[in-house]
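Following are the structures in question.
Look for chain A in each of the two complexes below; its partner is chain B in the first and chain C in the second.
Now for the complex of A and B:
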């Protein structure tokens, strides 16, 4: 009973959050001070007849509620507007960008989690030693570095060794799919490395403290009394419980991952969602900005929801 | 002095020690270093108009001149001394950080106190709103709001302040909820004190030290976000901050010319300031409440305190 109650509550929250984000998106771009028509037309001194035509074209002559209804309808039918800058449907632009963001962010996050676990567990079992202090302080330092600073340092350091911008070598023609894949992967190294460096630190520190607490539990003492090897205690007894917070950690880090990805895509000219958002800001391309905000929010909320469910599956005590 | 306060000092000595704990924390090396960094940066920034060696508007050397005896940190793309830029940038960056953190704390504390003190449906509604802001990717929201509002320093401060209060609200709420059940609050209620008076006289002084820790931690996030927004061109383009220094260097080919000195001073300054604030804020927070387990739900969710000597956590 409580089980379904919990899942039900999280589901409702996810739906409400997405709905709130969708509505916020509407309000932000339409109800804020300044005429929506002048903003959308980007022509401050347009003639009255032109303004009227524009208002009709965008449905701005209707009441606010009708506009909201139209907006929702368009959203669900995939009609997210046309980008001002390249005259393509926003949703197609975003789909391409999303395809480029996905590999960088997922590989970066997974590597950061694995690295975080390794570093965190190692410094926890060596608590108080030089190795522990060194890796913990290094982690705090990497947490403190601004993402764009790390990215630029890597760019300068690897200048000429690794490609610095874009997804493909602009001078390579007639690449076979395999060559194209290799080229793409090579261009991905620096963005992924930057993301890993900015993310691993937080993971390592959380794993370390969680591991330290687990190592003080009674069942660890029991395991030692039974004469189990140190390796077995750490791997099969302590780590299994200490790694629970990882799920929450990933969910909470989503915001940091997204902001890291935006800065990284700008630095390395990686044509992903973050870069699309940045270009939309520079070119005052409101439909793109709106669409980008919406898609990032929805993805993050859904991933959070999945993390909640996963945590519940792993540790049903969470309902209490 | 109300009856509640007199009883409190006798019944519960620990609850009086909040401010004392904050001062005591400075004996720990981590906190002392953090405080030292924060104090040093504040003093240097305030003095920057007098101690910066060159003007930040006039060229004083060659374009991208490497560091030398006369220009310790070299020069940027316009031949402007990077040391002077970093000093002046610190003033505005820290101004943005401090004011945004103050807004954060004001909103967070208000929501946390109201939510924890009144409970019931008010608590539910406020906490759902908090959950919403916790889940929505904040930098993206900041970019959208800042882009719609237009680039300016005030907007950056407001946007950061208005979106970062969730952590403070949660931690204050947890604290107020437990305070509300304490004897001295119940007594104050029973002798007829009004809600405002109880909050002002009894609850605020108790959570004061916690707010100090929260403020110091909020500065780290505010400064970090300022550099991110500035890097995306959403800050005032004419203002000199650590964020805009890095942005200008990036936009004007500091990377392709290998002029690391145009980026490193500002980047390191941000990193050191964030480290200092983090070390100080974290130490105060840990000292105030060693069992503060809300941390698993917060953005600053690791604990660095050692567990040696404490019953449960010690090996």
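Now for the complex of A and C:
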């Protein structure tokens, strides 16, 4: 009873957060000084009738609430405006960019989580050994690297061996879909590697300390006394409990992944959301910025929502 | 498997010449080792219950952990642990694994955290059954239900998670899991320490009857001689890693040969002798210092599902007079600590009045409240947490003086600090002034905490379980100190405790609290000898006496014969 209440609460919370972000996006640009009409009718001495016509054309003569309603309607029907820089619909630009970011960030994050868990568990179980010191110090080293620095270093080391920019070889013609896929994957290696190295280290350090704490719990002693095998104790008792805080940590880190993606995509000229935002800032492409931020907000909220649900599934104590 | 026949002279568990050293961690350059258990010998026959008694740090837990090979890798062990004549620790971890739980099982101290919190009780009991292949897959659920029935739990517990059980139920479930593979030996490490006295009584009864039914050898590790006296046949008293005395519990009680055994028995709370031990207290009526009228406090984080009308403290009335020690007794969750917090103004109250020296304290302005704090001080339960680890003793005691602007200059404050320290028995004070908390024992820490309270010369002292974290031999010292303070300075002391025998020995009046209400109020004598409420009687009956012949022991013998 109370558990379904939890899901409800989290769902409502996620929807409300997204709605608040959407509304904030609307308000933000309307509280800026100056009116859109005077900016558009930049001709000197624009006649009042011309201003009125412009206001009618853009719906700016309507009340704030009507405009808000219109904004929401456009948002849900996919009318996100036209990019200033390439005159294409924002939603189409962003769809392409999102399609490029998704594989890099998701593969990078998933590999980093798995690698972080493996390394962290391994070090915790072998606490105090050379292997533990080595992997812990290595993780601290990678954790300390700024993303852009690590990206640059990889770029310098692997330039020539691996493709360093874009998604496809600009000189390749008539690629079959399979060749195209291979080419794309090859271009993905360096950006993904950069993301993995910056993320795994943090995960490994958190998993290690969480595991060490869990291994000192009484139920680990119970499990050993029960005669369970070492593997079973580590899997069902230690890891199962140690990973609970990791779920929250990963969810909280998602915002940072997005900003990391901006740096990585700029360094490797990867045409994803981060890169699109970077260009939009440089060119003051407001509709693109608005749309890009919206997508990032929604993604972060959704992933946090998923983390909440995962936590609910993993920890029977979650009720309140 | 050879099963030991009844009356066989092969001990179920025999520990011989056990030595345990703890190496300091390899990082430290000192490389010194501490000898935690020294040449220990212990025999337990099938069906026999042996208590292993001692204070914290005496090596009793280390002993039974080493019997199961559960010590951390920093420990080195020598000696033999024989189960039915077979040495089980010589084979190392791998040789040990097959004996664990099948022949020797354990119930741990932390009933709260001994279960994996993310798996159901059923899952964990069935895991124990399946891992040792004692029943087939299909019968495992019915066997688990049967085990729960043995310890008095309903089958629905199978599907519950540990956090959904009370402390007593959890410990029952733990015992069910421990006997799942029908072991010959059960080790119980402080199985009732975290439980309320009524529940403790039930768990001890359960362990006693199970050992008889299953011919189980039980080693009961505890700091509480009362627990041993009420549930064991024999006891071994440990001090500094060694067994200093061993024998039938009656013999130890009547005729202890070792000085330490005598000391332990004397400091163990005992209802029968509690009144005799009392120091005579003045019966003259003095001024009322603390008046509590119709005090009600709501639950702080009341959950939507809990009954919102239910109060943590519900219409409580009592007085504390000058020079009087009043004990507030009750089980955990009865509202006794909330009452103290309400008096201190640390929680908001729902209704009622609290007066200190006739002055209403509930609706005070912050500045007046500061003045009030000076006349009313609190002593906390845990002396390890109550002191700031970075403060020297003199800083801890000086801080309240500085806050309240007492003593003018450094030198006169130092004089007050020295007086306070000597008052609480830390003499010579100069030896303690510059020490840090980690350089003090538990009893000394609690004395420092008390010194920091009395340095302000408060009229009222509120003591929240002041001795429950201390070893028994240290308790009486701290309690005697409280006794002395109230008679010497006419302080009124309100002492919160779960321990009825401590209350009877030291308090003038006792308030028995239950579910937020005062169930019964009376002098120690009246509470002990003519309790009116059935709940008070239940509490009295549940207190384990260190005298093996008293109460329950007699009842049991009558049942047996």
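Note that the second predicted complex is superposed on the first by the 283 of 320 C-alpha atoms of A that agree within 3 Å, B and C clash if a C-alpha of one lies under 4 Å from a C-alpha of the other, contacts with A are read in each partner's own complex, and residues count from 1 in each chain.
What we mean here is this: contacts are C-beta pairs under 8 Å (C-beta built on N, C-alpha and C of every residue); 3 or more make two chains touch, one makes a residue touch a chain.
Just so it is clear, the model here is predicted, and its values are computed rather than measured.
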Inset, instruction - Pick one for A:222: touches chain B only (first), chain C only (second), both, or neither. - result: second
Inset, instruction - Tell me which partner A:199 touches in the superposition: chain B (first), chain C (second), both or neither. - result: neither
Legend entry - Touching partner for A:20 - first (chain B), second (chain C), both, neither: first
Inset, instruction - Classify the contacts of A:264 with the two partner chains as first (chain B alone), second (chain C alone), both, or neither. - result: neither
Legend entry - Partner chain in contact with A:97 - chain B first, chain C second, else both or neither: neither
Inset, instruction - Could you let me know whether more residues of chain A are touched by chain B or by chain C? - result: B
Inset, instruction - Would you tell me the residues on chain A in contact with chain B in one complex that are also in contact with chain C in the other? - result: 128
Legend entry - chain A-touching residues of chain C, taken from the complex the two chains share: 25-27, 68, 70, 97-102, 105-106, 108-110, 113-120, 127-128, 131-132, 161, 163, 174, 177, 303, 305
Inset, instruction - In the complex, go through chain B and note every residue touching chain A. - result: 128, 131-132, 135-141, 143-145, 147-149, 220, 224, 227-228, 231-234, 246, 249-250, 254-256, 258, 260, 263-264, 266-267, 270-272, 274-275, 278-279, 296-299, 301-304, 306-308, 312-315
Inset, instruction - Sort out for me which residues of chain A touch chain C in the complex. - result: 2, 128, 217-219, 221-229, 232, 236-237, 240-241, 244, 314-317, 320
Legend entry - In the complex with chain B, residue positions of chain A that touch it: 13, 16-17, 20-21, 28-29, 32, 127-128, 136, 140-141, 143-149, 152-153, 155-156, 159, 164, 202, 205-206, 208-209, 212-213, 215-216, 245, 248-249, 252, 254-256, 258-259, 262-263, 266-267, 277-278, 280-282, 284, 289-290, 292-293, 296-297, 300-301, 304
